[in-house]
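A short worksheet on the structure shown next.
The first chain written gets the first letter, and so on, giving A, B, C and D; residue counts start at 1 in each chain.
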Amino acid sequence: MPEKTNTATLLLSCPDHRGLVARIAQFIFTHGGNIIDLDEHVDTNEGLFFLRVSWDMEGFALSGEEVCNAFQPMGDEFQAQWIIKLSHAHDQRRLAILVSKYDHCLQEILWRHGLGEFDADIALIISNHPDLKPLADQHRIPFHLFPITKENKMQQEQKELSLLKNENIDTVILARYMQVLSPSFVQAYPNGIINIHHSFLPAFMGGNPYKQAYERGVKIIGATSHYVTDNLDEGPIIEQDIIRISHKDALDDLIRKGRDLERWVLARGLRLHLQDRILVYGNKTVVFD
Amino acid sequence: MPEKTNTATLLLSCPDHRGLVARIAQFIFTHGGNIIDLDEHVDTNEGLFFLRVSWDMEGFALSGEEVCNAFQPMGDEFQAQWIIKLSHAHDQRRLAILVSKYDHCLQEILWRHGLGEFDADIALIISNHPDLKPLADQHRIPFHLFPITKENKMQQEQKELSLLKNENIDTVILARYMQVLSPSFVQAYPNGIINIHHSFLPAFMGGNPYKQAYERGVKIIGATSHYVTDNLDEGPIIEQDIIRISHKDALDDLIRKGRDLERWVLARGLRLHLQDRILVYGNKTVVFD
Amino acid sequence: MPEKTNTATLLLSCPDHRGLVARIAQFIFTHGGNIIDLDEHVDTNEGLFFLRVSWDMEGFALSGEEVCNAFQPMGDEFQAQWIIKLSHAHDQRRLAILVSKYDHCLQEILWRHGLGEFDADIALIISNHPDLKPLADQHRIPFHLFPITKENKMQQEQKELSLLKNENIDTVILARYMQVLSPSFVQAYPNGIINIHHSFLPAFMGGNPYKQAYERGVKIIGATSHYVTDNLDEGPIIEQDIIRISHKDALDDLIRKGRDLERWVLARGLRLHLQDRILVYGNKTVVFD
Amino acid sequence: MPEKTNTATLLLSCPDHRGLVARIAQFIFTHGGNIIDLDEHVDTNEGLFFLRVSWDMEGFALSGEEVCNAFQPMGDEFQAQWIIKLSHAHDQRRLAILVSKYDHCLQEILWRHGLGEFDADIALIISNHPDLKPLADQHRIPFHLFPITKENKMQQEQKELSLLKNENIDTVILARYMQVLSPSFVQAYPNGIINIHHSFLPAFMGGNPYKQAYERGVKIIGATSHYVTDNLDEGPIIEQDIIRISHKDALDDLIRKGRDLERWVLARGLRLHLQDRILVYGNKTVVFD
């Protein structure tokens, strides 16, 4: 697995112009890196350049800290948004998972994390209900209860944000969290909050998507993982998947079948995010998978 | 193949009550029929009974005409909507295909028809543009040109309806026909007009669904075949399917990939319709496949 | 959900002849049952009749025990293999799960069982390794360790069979159990042992299917749940599913992606089995889903 | 669409070492090219480097012929297998399609070709039966009849090869051609003959795969497009896809459903080939899609 090798990964987007690949590849070569995977895409309509490149750190002349410093001038020159991640770094990504009462998405993430599928620390779980505390305890992950009412919502969210800050959280996962986050929360984590919506967006936005699907009489249901923005269910889509249903499926069957989709689509979206395979532009994503 | 055997098929829906299956099976047995396939479903919420049953006509005591007459009293008693179709009847279903300029859906239907996949006569093709006349000629199917403007739309539709009536058309297929039918046309063919919409309904209703999908940045596109009702793109869904796309796909790629979906989903929907596998109730369908 | 209603389900196969559906439906009607779902299929090549019918026990004149006795003469007359199951019966199906070291299939079954997706008791877990005992403990399911060597295999299997008998086990699940069962074990549970094979059978039978798939360079991998017969990986197939792979996927990625398939395909196969939706004939299955 | 832009595409494989991407990107940049898409992959087990890069020829300093000459020394130095294709070149790829009696794959290719999906000339059709001559005539493509018997097979193949040579054919498509090509024919077109096999290889190799699938009782059938090598059905796989079947599907239904798969999988494989997206190594493929 490439994950086991000691690698560095650069993820970068910037205005397109001639010579970008040559410059970046030259930078890696000059310091002794061997490129393992490179995926590049230009949106010719928008004039935007997207790149993800991983190289073997075996024999690379720069340490983790040095490589960022060394790349900085080129990043500035390209007016790029960029990040360099090292597979063997000690500062792993730190996740917070927000849940309410449903356990299936949380279970799935915890189970996959235990198998090593996610290269990250699950630092804490936040919920507005106490129901999933035993599951958190079982995995020895701190569980923080923040009951939400109309009146206390803003204060509770501020406390949650303080907690996330103190814990150096960089990615927030809404694992069927049944509260809408307010704009100030969302803006604290641009492209850092991942939600699972239980429909094939943009179909069936809002509440009760399975009921909506049942009543419309569709033959396929879906799930969507996406980054959270101010507009509910309208953020950049990361991953989607579907499953067939028929007239024999009652609403409860849709919920049961959809549960499986939700688990998969959230887990796949999270893995793509943690592997730095996603670039957001406008309201869309480039996913290098 | 059941299609080759001499069979009769009863498709029926009615209010549910005890003993319906026993009565219908007894009717078939009494006259010497052997049931090959029976699929029954009750919507317990709505209290509705749906059934499709096919039996071998070998040794059956009633001829095609007689079987309908014999079943009539039971159908009346059950307050049922029902139809009995005979595989070896001379009075095949008669189709009209409405097209504009795109040929892919028409090609697909004509090709499959040539292979014997559709048990029906394609009686005629209607278009508002002359572009596909050569294709119709090649298959020796009468091609009728009805150019549509804002001014003449109602008159042209009336002429089309007269033509359809004269030709004993019972099923109308909108094979990427780029005109919205007016309510009077739609009402002349309740559950008899099949449309292909090039999106995963209810996502991206209305015009330019591929452009809408491209701009939204979805990771999957779809197509939907449905019966046409007065509300555009809101009729009962027959069949849906999807295909994956990525950031590498430009709008033209969506159109190209979607073209394949449209062909399949329309052809599958039409086949289900022609095999009397669909029962409409409210705005939904029971599909016995 | 039909599962919540008090229903009876008859699953039956026998030589085909006229009047079977009428007789069975009449039997249900006579005693006051209302049929909710009936699915019937005739294999006209083999002359075999397959049927699954569920009816509402509300107002049904016979109790659970009585219904079997009442149906017995008809079953005998039809030379049928049949079973009648009652949704609200106290004698639930009793499962034994056999595992080795991998936990993913076991986790999936336990989690779904906790959600109520399987209408059965998980009576015990058997393993040839101690690794999964903590997981069994956590769910408070008795865990029995039977280490297997070449020398002790027959004796250990006999002990396992005694245990299964004592515990009234009717279904055995091989959840990535890494031992081949000997014929005497298999014959004790005809169509009662369900295995998950981590390939799209009949491709890649035998050991290391992911390695075989990797080396062949396929673009899709699969998983298969099937009943166990004397011939390894050749029993009647219940369910299959697939996932796409590419040249970027190393062997470890195949294993990771396949793990998800195995979980789904085993769980779906088990659910179909527990809902009495499967009829085996020859080496094939009729699956009424 | 990239196809509309004037682009050059380099497809290359060679032993991996440091600096390859930098050197190639520098080559393109030096002559004024702007890279649109670059996909690179290293098989770290085998130590092999694979790359596909497309750049805009707008403002590029070298003409089509010159670019190959200019790249030659670098290709030699890297011990690479490589090809550079120009989107606006006059020397399009030239295809020969071999068929027998089934028309569905041929129809599909001709229809897509008419839509501009394949950037190639269909130079001729060869068949061992006269059945599809009318279809060839209709599309004004030369049709060559070479009836095959056990006795004349070698001579007929030699004549076919002469014809292919005279017509400068570079890609041969077996569109359900029902003859096995002899090794000398195959060796004349290494990685240049594409076959569609009507099963999910390696399952059901050899003759009558649908019958094999029907008898095995699988729940999913497939199709595979692959390059032809000396070992029947064992060449490098390009593309695969599947469709669900059930106990209701008779052998004829498998054939009908499979027909659709064959069309899609062959067409997708051919498109990938014509867009220079496939690199063969050993018995596997890298597909840059």
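Criterion: a residue touches a chain if its C-beta (ideal position, glycine included) is under 8 Å from a C-beta of that chain, and two chains touch if they have at least 3 such contacts.
Quick caveat: nothing in here was measured; it's all calculated off a predicted structure.
Trainee: Give a one-word verdict, same or different, on whether chain A and chain D use largely identical residue numbers at their interface, taking over half shared as same.
Mentor: Counting which numbers both chains contribute, over half are shared, so the two copies meet through the same residues.
Trainee: From chain B, which chain is the farthest off, judged by mean CA positions?
Mentor: In terms of C-alpha centroids, the chain at the greatest distance from chain B is A.
Trainee: Please tell me the distance, in whole Å, between the geometric centres of chain A and chain B computed from their C-alpha atoms.
Mentor: 42
Trainee: Which integer distance in Å separates the CA centroid of chain B from that of chain D?
Mentor: Going by mean C-alpha positions, chain B sits 37 Å from chain D.
Trainee: Do you know which chain D residues sit against two or more other chains?
Mentor: Residues 2, 37, 41, 248, 250 of chain D touch two or more partner chains.
Trainee: Applying the document's contact rule, which stretches of chain B touch chain A when the two form their complex?
Mentor: Going by the criterion above, the answer is residues 41, 43, 45, 50, 200-204, 216-220, 222, 236-242, 246-248, 250, 282-287.
Trainee: Can you list the residues on chain C that touch chain B in the complex?
Mentor: The touching residues are 2, 5, 16-22, 25-26, 28-29, 32-42, 44.
Trainee: Quick one: in the complex, what on chain D touches chain B?
Mentor: 1-2, 37, 104, 107, 111, 115, 117, 138, 248, 250, 252-253, 256, 259-260, 264
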